[in-house]
Amino acid sequence: MPNSLQEVQLNAVQVKEMFLYVGEKVRENKPLLTKIDSAIGDGDHGIGMSVGFTKAEEGLRQKEFTTINDVFKTIGMSMISTMGGASGVIFGTFFIGGVKGLDPQEVLTLPLLAQILEGSVSSIKQRGKAERGDKTMIDALEPAVEGLKQSVIGNQSLLEGLKVAESLAEKGVEQTKEYVAKFGRAKALGERAIGHQDAGATTVWIMFTAMREWVENAINQE
Amino acid sequence: MKKVINNPEQVVEETIEGFLAAYKRSYQKVENVNGIVRRDRKDKVAIVTGGGSGHEPLFLGLIGEGLADGVTLGNVFAAPPPTNVFEVAKAVDAGKGVLFIYGNYSGDVLNFGMAVELLEMEGITTNTVLVTDDVASAPTERKDERRGIAGDIFVVKIAGAAAEKGLSLEEVTKVTQKANDHTFSIGVALAPGTIPGATELPYTLADDELEVGMGIHGEPGMERTKMMPADALTDKLLEKLLAESNLQSGDEVAVLVNGLGSTTLMELFIVNRRVAKVLEEKGIQAYDMDVNSYCTTQEMAGFSITLLKLDNELKDYYSAPAVSPYYKKESIGGNVYAK
Amino acid sequence: MKKVINNPEQVVEETIEGFLAAYKRSYQKVENVNGIVRRDRKDKVAIVTGGGSGHEPLFLGLIGEGLADGVTLGNVFAAPPPTNVFEVAKAVDAGKGVLFIYGNYSGDVLNFGMAVELLEMEGITTNTVLVTDDVASAPTERKDERRGIAGDIFVVKIAGAAAEKGLSLEEVTKVTQKANDHTFSIGVALAPGTIPGATELPYTLADDELEVGMGIHGEPGMERTKMMPADALTDKLLEKLLAESNLQSGDEVAVLVNGLGSTTLMELFIVNRRVAKVLEEKGIQAYDMDVNSYCTTQEMAGFSITLLKLDNELKDYYSAPAVSPYYKKESIGGNVYAK
Amino acid sequence: MPNSLQEVQLNAVQVKEMFLYVGEKVRENKPLLTKIDSAIGDGDHGIGMSVGFTKAEEGLRQKEFTTINDVFKTIGMSMISTMGGASGVIFGTFFIGGVKGLDPQEVLTLPLLAQILEGSVSSIKQRGKAERGDKTMIDALEPAVEGLKQSVIGNQSLLEGLKVAESLAEKGVEQTKEYVAKFGRAKALGERAIGHQDAGATTVWIMFTAMREWVENAINQE
């Protein structure tokens, strides 16, 4: 880790460590995600995300990584090939969508993260057809990624960018409570979905929180 | 939440092992993925069905002669990953194309959709019919957004018979799509089922409550009401189905009264009795009535009613033999279990 | 205690009406009593089974070709009255005698016994085989006092095949008795079922408890223990069954893994997987494995395992076709669902 | 009703009324009988007895009765032909077993009741093979009938006889708690049945209580 916060950047091994931590946090939240998905879905989102991150962990631990691309791809492919469910493809695409066609990268900076996740958002939208306001994980992811992009423009640090993204993801989760669902199992509920937050959006928020925590801890441990 | 399982994360693998232990002479596993295919595959359009597990005997009970050639199974209530779908389709393709039939859920559409892309790259032709029988899940204007529930059985039955007859992929797809368009279901839940490993009920229904239109993954339905006698409940469901299906006096239907898990066959018969009575009163001919638990939601209490509006073409395919360990029709000739 | 019924006192009548609405082409009601018989009866020894209702698809699912010719149904968990038994037997007798097959319960013995006296007065010859497969219900020394549970299915299957072959009443009785002597079952309950109309649970089992040896009317079993993984539980039950049946390496068995009501087919497959594994380890050949919920106790959670020790004679009859809406075997040749 | 208690005797119509009342009382006790049968049986004894007495009531109300025999036979045949279960035959035989071969009787006296029910006991034992101590309704019925016979010898009234029978039936019920079951569903329980009373024996006691109450009320209404 560099001394200047402004210059924080992660190598492939650190990115791998960060996502191992993210997986741990998502798995810890399995009961919460189950509960949220039970209210307006089928209750398996927590299980699905756990399976996905467990497989991702297996994949990550099996290999030495030198490129960021490989870390993202390993996680994404593990998810797509094992999770199933809507979130298997959607969260798999979260990891794969942004590195597709990207030149091999050895360090993750805030601008690169913003760029990758911007690609993720557009891939997910293309695949899943959901837009903002449809009560999906897009409602947390898209604003979070916009936050990252704004932070890049404001020349902020990775940690600061993640803090912005985290808080915008949280706000996005809150907003999903007001929406009727246009996708997924909650769709049939119509107005009855109002008042309940979206499970996938919650996962996005948990993921940004965990990323921010990991970077924060890493800096503090310097 | 007590279940006879070893490990919640292994239930699908172990289910497949247990199924094959019993029926290995007729079926085999697809390597590396949770999929099962018939051993005696024919030179015809291949039918592949599947989706999340937890609805047994659906989907693995639907492979066999005159039915599907392969099934792809996801985790409990989760669509199978694209690789699963891909491997199963590849295993059953006889060069005449593969027809996918599955319930219209985001997860399935996404995963099967990705598999279709992979199969295209391998030069395997596919078509897809989404089952959308659940009239409770979207209004008539948005019929194609509806979920698939027990209607899967009728749609796969028709598709299997059409494929067995040697029709082309386009032709099988067409009649299968028609079967779906003619299939109307609605369910009702009295008590929830739980996913293996879950420690809490996904929702609760009071001792005197039921939920009309509940989905087969416990997705909330149209209306929560007070318990009512079986006849009144059946009338309520039928009213919705008859309106949606626009059945007229003189029309013929195949009926499925399907248990969701812990509702007894006794109760299903009591419902079927009323269905028969109401159809008779309306002059609608019940060509066949099937009373069974084919499409379940773990130990959910409740049932669904499915009507398949028959025309001559659908009737022919419906009457063709179908043979699997959990679904059998021998050639029938109207309202019977015939020999 | 929520059930989809109209009136607890009418459930059996309405069940029969609902059954016949679906399958009237093949079956008909016996006038004035709760009994059902096949329409296409043959000139052969007649097989009659029955007992209390509430175990659906048992018993009405056991009428058909190669199975029983008639069933007599009592109220839920209550033996049918003698008049019922009498009328059903009279309806199916073709002059070659009637074999009664039913579970060994006081109520059934008393009511069928009285019917036998009435039939004698009419000049109708009868024999009786009591099913006594439940190894949990009495020690080996008092084997003939045991209750009948899911073993009914195997015993009726063998009897039906023997009768279909044209054997005399004495001969059919003999092989049926042998089938019973070779049939061993044990059940386990995780949660109780309730009789229609009941407002309280008949007993309770804690969230981490199960009862080994529970009877199919909820009669307390041998032992209440903590929940355990499916494999350990299966091992425990099999240990008892293997000891009782004295099966040796090289022997052949037919296996039934039977669900008691709300236990899912998924769980039954997980159990069956283990049964197959253990039998294989012991060198015992699973000639056929059947995984289904044939003999239920309303919505009770749990399952039973039944082993039928085969010799050549029993194997022949076991392999003969049997056709009913809820139990079907096509001629089989070892561990299969074959075509 | 005669004025002297000693001479109480019932005609066929009164016997019919008495058993209608008995049926009512047994039906009132359906929940209790269900509970008792659930503990060591299958929980349907209360339902079965209700069905039996309901059918008996239908039979009784359809006809004019002149003989005691006919009243007993109507009840017994209704039970045997509709109830099923162990108790259908057993309680049917309770009513039929004692009037089989009996000359037509127009009045029920204590001696006649004792004689009829003695016949019932022996028919039930013959049919069901149960003896005292086997934890069945015999444990209440046999002592009660012995009580009736003793009262006849002691030249007591019908009411007094029924009081004795009632209290001996009650005692019999109590004793069933100490027995293991030799018949019925409780048999498989072995020692685990100890501490629980027998359902059929409880019904017998309820029946004697109801008979006594009816006669008592009838006398009081004089």
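In order of appearance the chains are A, B, C and D, and numbering begins at 1 in each one.
Simple rule for what comes next: a residue touches a chain if its C-beta (ideal position, glycine included) is under 8 Å from a C-beta of that chain, and two chains touch if they have at least 3 such contacts.
Please read these numbers as outputs of a predicted model, since none were measured by experiment.
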Determine the set of chains touching subunit B that also touch subunit C. none
From subunit A, the most remote chain by mean C-alpha position: D
Whole-Å gap between the CA centroids of subunit B and subunit D: 54
Just how far, in Å, is the C-alpha centre of subunit B from the one of subunit A? 34
Subunit A to subunit D, mean C-alpha position gap in Å, rounds to 75
Work through the pairs of chains, note which ones touch, and then classify the graph as line, ring, star, complete or other. line
All touching chain pairs, where touch follows the definition stated at the start: A-B, B-C, C-D
In the complex formed with subunit D, which residues of subunit C make contact? 8-9, 52, 74-84, 105-107, 110-111, 113-114, 136-138, 145, 147, 195, 197-200, 202-203, 215, 217-221
Applying the document's contact rule, which stretches of subunit A touch subunit B when the two form their complex? 31, 34-35, 38-44, 47-48, 51, 80-90, 127-128, 183-189, 192
Which residues of subunit B touch subunit C in the complex? 1-7, 11, 14-19, 21-26, 40, 53-54, 56-57, 61, 65, 190-191, 196, 207-208, 210, 227, 229-231, 233, 261-277, 286, 289-292, 296, 298-299, 301-303, 323-326, 328, 330, 333-339
